[in-house]
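The following blocks contain the structures, represented as structure tokens.
Note that chain A is present in both complexes that follow, paired respectively with chain B and with chain C.
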Partner chain A sequence: MNNRTSMSVPKGASTVRSVSRRLRIAAAVGLGALVAGCAQDAPQNTFDPAGPNAQRIQNLQVPVFIIAGIVGVITLSVIAFVVWRYRDRGQAIPEQTHGKPALEIGLTILPALILIGVAIPTVSTVFALAETDDTECVINVTGQQWWWEVDYPVQDGCGGISAPIVTSGQMVLPVDTPVLVRGTSRDVIHSWWIPRLNGKRDMVPGRVQTNRMQADEPGIYAGQCTEFCGLSHANMRMEVIALEADDFEVWKANQLSDYESPTNELALAGESTFIAQCSRCHQVNGLTDGDGDPIVSRPDLNVYSGAAPNLSYLMTRTTFAGAMFDLLTPECRADVWEAPPDEFGERYLEGVTPECLNRVQLREWLRNSPAEKPMYTDPNELAATNGLPRGMPYLALSEGQIDELVAYLLERK
Partner chain B sequence: MFTTGTKFLVGATVVSIIVTIVYGVTQDGVMGTVGLISASVALAMVTGVNLFTRDANIFVDDEAAVATCPASRPAPGPSPWPLLFAIGAFAMVLGLVTVEPMFIIGIVVMFAGGAEWTAQAWAERASSSTAHNSEVRSRIANPIEYPIGGAAIIGVIAYSFSRIMLWLSKINVVIVFSVVGACILAAAFFFAYRPNVKRSVMVGTMSVAGVALVAGGVVTGLDGERDIHVLETAQGEAAAGLCEDPEKTEADSKAAQTVAAQASVAAEITLNDDGKLTKRLNGPAESSALTLPRSNPSNVLFRNESSEKRRLSVDLGETEIGADSIDTERIQVCTALVEEGGVQNITLNIGPPSNSVEGGYFFFVPGVESAVLELIVP
Partner chain C sequence: MAIIERPTDTPALAPSGGAPAVTPTRSYGYLRRPVQTTGWRSWAFTVDHKKIGIMYGVAAMLFFVVGGVEALFIRLQLAGPEGTVLSADAYNQMFTMHATTMVFLFVIPMAAAFANYMIPLQIGARDVAFPRLNALSLWTFVFGGIFLNTSWFLGGAADGGWFMYAPNSAVPFSPSNGVDYWTLGLLITGIASLVGAVNLIVTVLNMRAPGMTMMRVPIFTWMALVTQFLLLFAMPVITVALVLLLFQRNYDATFFEVAEGADPLLWQHLFWIFGHPEVYIIVLPAFGIVSEVLPVFSKKPLFGYPFVVFSGAAIGFVGWGVWAHHMFASGLGPISVAVFSVATMAIAVPTGVKIINWTLTMWGGKLRFTTAMLFATGLIVMFTIGGLSGVTHSVAPSDTQQTDTYYIVAHFHYVIFGGAVLGLFAGIYYWWPKVFGKLLNESWGKANFWTMIIGMNLTFGPMHIVGLQGQPRRMYVWTENRAGDGFFNIGFWNLVATIGSFILAVGVLFFFINVWVSRKNPPAPADPWDARSLEWMAENPPKEYNFERTPTVHALDEMFHRKYEDVGEGDAHDYVKVATAEEIQAVETANRDDHVHLPSPSYWPIVLSFSLPVIAYGIIYSTLLVIVGLAIATVAMFGWALEPPTADDSEFESPEGGDGGEPSKELVASV
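Then we have the complex of A and B:
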């Protein structure tokens, strides 16, 4: 009994103070949330569509957002009014009634009507976005921890592709062309989302999922994996690069061009280092051994997901390691990313030049990749995956070997 | 007069004095005797203090206090928890020398018993009213007891059920559980329509059912599961030369059960009446060859529109075998034989790219020359 009475004693001042403090915190949080919505540089803005698919979503989400906003404001206002108007002022408890059929039925039918009104355009948009028959070009993406592989099947679409093209992190596509992305995963569920081009699509092992892509203007459209997929989920990014049709032809021709042997001594040394250290995982098309036999990488035997990026034309992309790092120095990067649409293609097709190469980052990667990007590569902790790493392991390269490899990789374009 | 503590201490002092004397007489050795004498003296002193303070209890003439003093409280009722705790401890120790699960069960039981014991001991000291004490105990313990107890009961029921089901043969499972289900339904109806049936009848029925279930679970669990038959698949038989065999084999008989129902198809390949292979993909597929991703399982559906039973085979080139790499072996995978108009799934997971082997990869249909389709793996 004693504690009961003692509990009601300290009251008053401190309660008032804590209320006003809570109000202040709430105000700060609210303001923060509001300000966060005003980012200037937001490349992943779903409210800024850059193609017909994203535009469809925009045409749906804006009216739905407005309707939901109006309903929300009305509901909250009524609640606020009732709470204030009928607050406890010591008045007698009013007469208790039960049921008011007209009101109840009305308040059931009204929301149902609103929901039907929202459902019709929603469902039709869902179906329109699932359409595949009108696409003119197929690009496969395959997610794995923690990067996207992009490959172009042999086809008549995309202006004709005679041999498969394999790249990673960046999906290059022709502008104004309805492209069908056929995606899957090699390990866990990932999700492909380029917010300015379309909604997201989960990429599920064992299933082939589709996602339409179409960009109105040349440029870079950024995205990132949106299904939690483990350690480096946050570092699993991707970019869609839209090029004018003729630029796309140039890009394609380059991706199918023959292997060029290194032109200088350092790079030549790099080639043998690459064969010794890297080519068990990484494919470089056209690379041959002493007998002239093609060197075939076997990531299926060396990496848990069964894949590692194809490095044949590494320097034609501008980012690497799941688009997490720039292959370009900051100045050169700005040149490409901020190029006006009519100049973009030319700048992108330059690829990575010796002056523009972000040597520091590439060297760091080769020096100790797991230190740059969290991956499961510690040989002592790979029992669960039969000793196979998830990601690129630490390879204990010397600085000299790194020099050679950078020189060799710089010519892969 | 003598309180509990005093009784204990007087007893201990007497025992220690006797032990000291016996030890001193029978054993020689000064140190032991000195130690025991010290212990006796110490105990005697503590006993004296205790007698003087009356076990920290109240004076007999303080009537108001007598009514509320611990000694006048109702004696604690019998409690199962110390027993449970002891069983747990026993199981734990037994587990150390026998099997690990026993050890874990022991620890769990010990903790459960200990927690209950603690809660009860604490509640029994809450007031002098037994009713209030038991209410206090319920308030603190029930929110934990009910969910955990409920989960444990459900766990035991589900586990026993599963043991019985896995022990029975496939067909008997259906029969037994149809009957059991019907009985449960009937009993439920009976009790629902006769609400004033005796409580003891209900409890009895439930207990019999519960005991039968658990006993059945234990017996069948110890006896082990039935043999679960693994079906032969075309993929499993591929090594035995099945892929070039146009005849029906064992793997062909239950072929439909090899389709992975959860997976979706990457492409559909049809053997047409004219003996040609055509392919269909989701979306545009204008090209003569089929491209499938590298080192990732892809499902390809084979549809047989020809007028004979056929299988779809895939040739993945040659591989060198033997230490000296002189011999080569063709690598092939295939579907089971497909009836006219039927479909079959084949899952392909190909490591090396198609340009790494002479002649590339291709689909073919044994017995139909013209049915060939190039397979590209980037």
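Then we have the complex of A and C:
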């Protein structure tokens, strides 16, 4: 399988490893068994921290799971003993005792003491994870059905950002930098969750909520919307991309680079098709009409949630359609996902090359997006939203138009 | 029949001629009270708490099957990556209705079935305090449940999850009528719960037999009483939330409309202030049942009865202070999160007390592992696992990793299935001979138990793994890209869970087979389990009037103390059986009460209940229908009020086939 991530054994991980070893010991006995040895597993493994925030949670939850496991083993052993020892073997009717208050009180206080022991570090961790004033970089996320927009406000943080950067599906951040994610939603509640970097935080319309993000190593960290958000909730995924500081500078510069006109005929035709078919929702920065006036997309007039992904640098990302699909072919995807930390930045910054483009999936999407991803786009079903679709509607593009658009989009990087 | 009148010399309690002249004899000058004792009318118009209890149980079991089939669809869809059994839309409806059905249409009504049937018997009463209201509860629940499920055939069921978070529940995001069906259906079943709660609270507080102090009340009745108080206070909260949602969706209100300045978290608070006590509403009756079953099959009293009572009450109180632990990721701010985190840990203490007490009840006992006892023991073990996984996410930072993943699904299924459902099955096996006069087959019972236990652990155990591996809940598909490929990979364990769910379904099927094969069993003995509480002083099944004479209670575990005497000297104990249940019942029969008065059946509860779904359909489809529904309700309420308090005795067939004696002129409270 091509989906293992080589990031799963991070450096600085002696704590992680010893934790997972301790876990294994606990696991042999009881409930903990279910959480052990996760270190090599799924990319959203909750017991595989890759940054200090998740590590803080790990330091709390591992002992708690061990304590719960021990209590469980003791309790279940006592029950097993009682069931075996006092089964009916013809013994006399036992004393009709109604209880022993001293024992009762003792056995009430004992769990209370254990829980006090758990409560104290819990409270201190809650406050530590809510801290917002020690962060060095602010990134905004906005959830909508069914994708994440990520934008970087102008700031001195993040190594300095001189003009807003808008991207989607993937949040790129510098390693070892405490990042403050500020999030909200344009429609229903979504939840931002990158398990290896931190716990989840709901992104609620009308509110701005925060979540700390920090990665120890370059790499790609998988996440998933975890607050049920309607039809395609299952398909609303995202990734955090951690880059070394200099790679991050390259990425930033690229995201602010000028519009490059298409270099070949097909792509040039694609530009016209894009303007005709796509630009009413999708922004491409720097695109101009025949008069040289900038073309400004109006998703607020055309989709119910009021936004659509900015496609100016689409091919610098590796996923599309709410990170549901890969822009890379499986082999190229594996190259990025499994790259060792010191090579990761270089591979990611290559973006999507013509050889690596997952043309099949991109063409399917352009051909009939509602068939690829459940969305509310059928014009007959949009009475409740004033005729506005939720998601990308069917555009009835010809195969020729699709060829042109693929060629045009391939140069958006 | 309304009044069991025996030939007697004792004068009637009410002075003769004391009946008020204004007492009507017919509703609308035409309808007397129904009197049929056989056929469908004897069920449709009954106010007998036992018949109502049975109907509650049958209806709840049917909904259990519906909810179970929905669960199997969910598991089929998730058996492999990119499942195609269901569309995204169908899947969202399926998990919404699975939870809604199991919580509101199976567990609560099944507990209500036990409470209805057993509480009057356990406290030595002849019926509940308000028999007609009892019938109203039943039929309101039945019609509400049917109404809710008709949405499947009328444009699709609700698709917002049982928690129905705003603003995803608003019309633009859920344009079908499903959410309206859900809202109205739960409002209707909420009426059933609320009416039932008032009824049972009054029954327990006012109708206990002489000598039954609160600390001699059987533990099931105690736990059911706490549950009714929880319902009494929780149902109004969800009702408020549902009414707000109803008005938002149907009458352009903007309670959860962010653009109008609303805060979607309002819904979450309202929902969980109901929703968390709801968890205890679900499990406490089952706790009561196993607290009855374990002592009987251990031949020991419940260890620390007062501790179990007070821990139950404590859960009832503290349960109101932990709702926001469902919202640790919602963004409440660190102070709220810390407070609710600690409060949630606090509630683990009284819950732990119960497990300790059950274990110590068995300690030193003489344990007989009948099917009922197996289910009760299974509950202790499964609930311990569910309780401990609960403690792991009372730790709020840890919960921000686990909430909305399958780990939570695993946790609450160990609590609800391992706690509530196993307890309810323990109660079914334990009280089946009491209710139907026949024992269930023990071999099928054991097959039923073991298959269910294996099935549930295979279903819900792997969900711990896939949850900690990062699989969120409520996703209609999972993708191999996020599944991993180690031992704990999401793919394998999802498949195991799906296989487990079908084993679990077979286990439930064994129960129905058991009911079928046991239908011709010989009559059960009067006291098949050597039980301890008052209901076993009545016959199997009990007569309509429950007890031959109202028992006088001298002790907790009254029945045990009537059967056994301690002849040991000093600290030595030697319990000798001094009477069998048959002998005790014979004494009661010889000294039976004259003038047993029972309320007459009534047409009106079922009619009034029927008006509610009519109004609800009207709200969705046509104001005209609302008016029709309101008209039915008005007719029913006036009919109810104008109804004669009892049927005239001359209208009854005498049980002995002859005239039962002079008709009584006494009034019977039958609100």
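Note that in this section the second predicted complex is superposed on the first by the 366 of 413 C-alpha atoms of A that agree within 3 Å, B and C clash if a C-alpha of one lies under 4 Å from a C-alpha of the other, contacts with A are read in each partner's own complex, and residues count from 1 in each chain.
What we mean here is this: a contact is a pair of C-beta atoms (placed from the backbone, for glycine too) under 8 Å apart; a residue touches a chain by one contact, two chains touch by 3 or more.
Please read these numbers as outputs of a predicted model, since none were measured by experiment.
Participant: Check chain A with both chain B and chain C modelled on it and let me know: fit or clash.
Facilitator: clash
Participant: For A:P340, decide between first (touching chain B), second (touching chain C), both and neither.
Facilitator: A:P340 contacts neither chain B nor chain C.
Participant: Quick check on the superposed pair: does A:P164 touch chain B, chain C, both, or neither? Answer first, second, both or neither.
Facilitator: first
Participant: When the two structures are overlaid on chain A, which partner does A:P111 contact: first (chain B), second (chain C), both, or neither?
Facilitator: So A:P111 only meets chain C here.
Participant: More chain A residues touched by chain B or by chain C?
Facilitator: C
Participant: Let me test your reading of the model: by the given contact rule, A:G206 touches which partner, first (chain B), second (chain C), both or neither?
Facilitator: After superposing on A, A:G206 lies in contact with both chain B and chain C.
Participant: So in the superposed three-chain picture, is A:L231 touching just chain B, just chain C, both, or none of them (first/second/both/neither)?
Facilitator: The answer is second: A:L231 touches chain C but not chain B.
Participant: Per the contact definition in the header, classify A:T122: touching chain B only (first), chain C only (second), both, or neither.
Facilitator: The answer is second: A:T122 touches chain C but not chain B.
Participant: On the A-aligned overlay, A:P354 touches which partner chain: chain B = first, chain C = second, or both, or neither?
Facilitator: After superposing on A, A:P354 lies clear of both chain B and chain C.
Participant: Go through the superposed model and pick first if A:A307 touches only chain B, second if only chain C, both, or neither.
Facilitator: A:A307: touches chain B, not chain C.
Participant: Between 93-101, 165-173 or 345-353, which run of chain B pushes into chain C after the superposition?
Facilitator: 93-101
Participant: Overlap of the chain B and chain C footprints on chain A, residue-wise?
Facilitator: 205-207
Participant: For chain B, which residues count as touching chain A in their complex?
Facilitator: 260, 262-266, 281-287, 289, 291, 293-299, 351-353, 355-356, 376-378
Participant: What part of chain A is in contact with chain B in the complex they form?
Facilitator: Per the stated touch rule, the residues are 132-133, 135-138, 140, 142, 149, 151, 153-157, 163-166, 180, 182, 184, 186, 205-208, 210, 283, 294, 296, 298-301, 306-307.
Participant: For chain C, which residues count as touching chain A in their complex?
Facilitator: 87-89, 92, 159-161, 165, 167-168, 171-175, 258, 261-265, 298-307, 329-331, 333-334, 337-338, 341-342, 345-346, 348-349, 352-353, 355-357, 359-360, 362-369, 377, 380-381, 384-385, 388-389, 391-392, 395-405, 407, 461, 464-465, 467-478, 480-490, 556-557, 560, 564, 566, 573-575
Participant: Considering only the defined contacts, which chain A positions touch chain C in the complex?
Facilitator: Residues in contact with chain C: 1, 3-4, 31, 34-35, 37-38, 40-47, 54, 56-57, 60-61, 64-65, 68-69, 71-72, 75-76, 78-79, 82-83, 86-88, 91-101, 103-104, 107-108, 111-112, 115, 118-119, 122-123, 125-127, 129-130, 145, 187-189, 191, 193, 195, 198-202, 204-207, 209, 222, 224-235, 237, 304, 326, 374, 376, 381, 383-385, 390.
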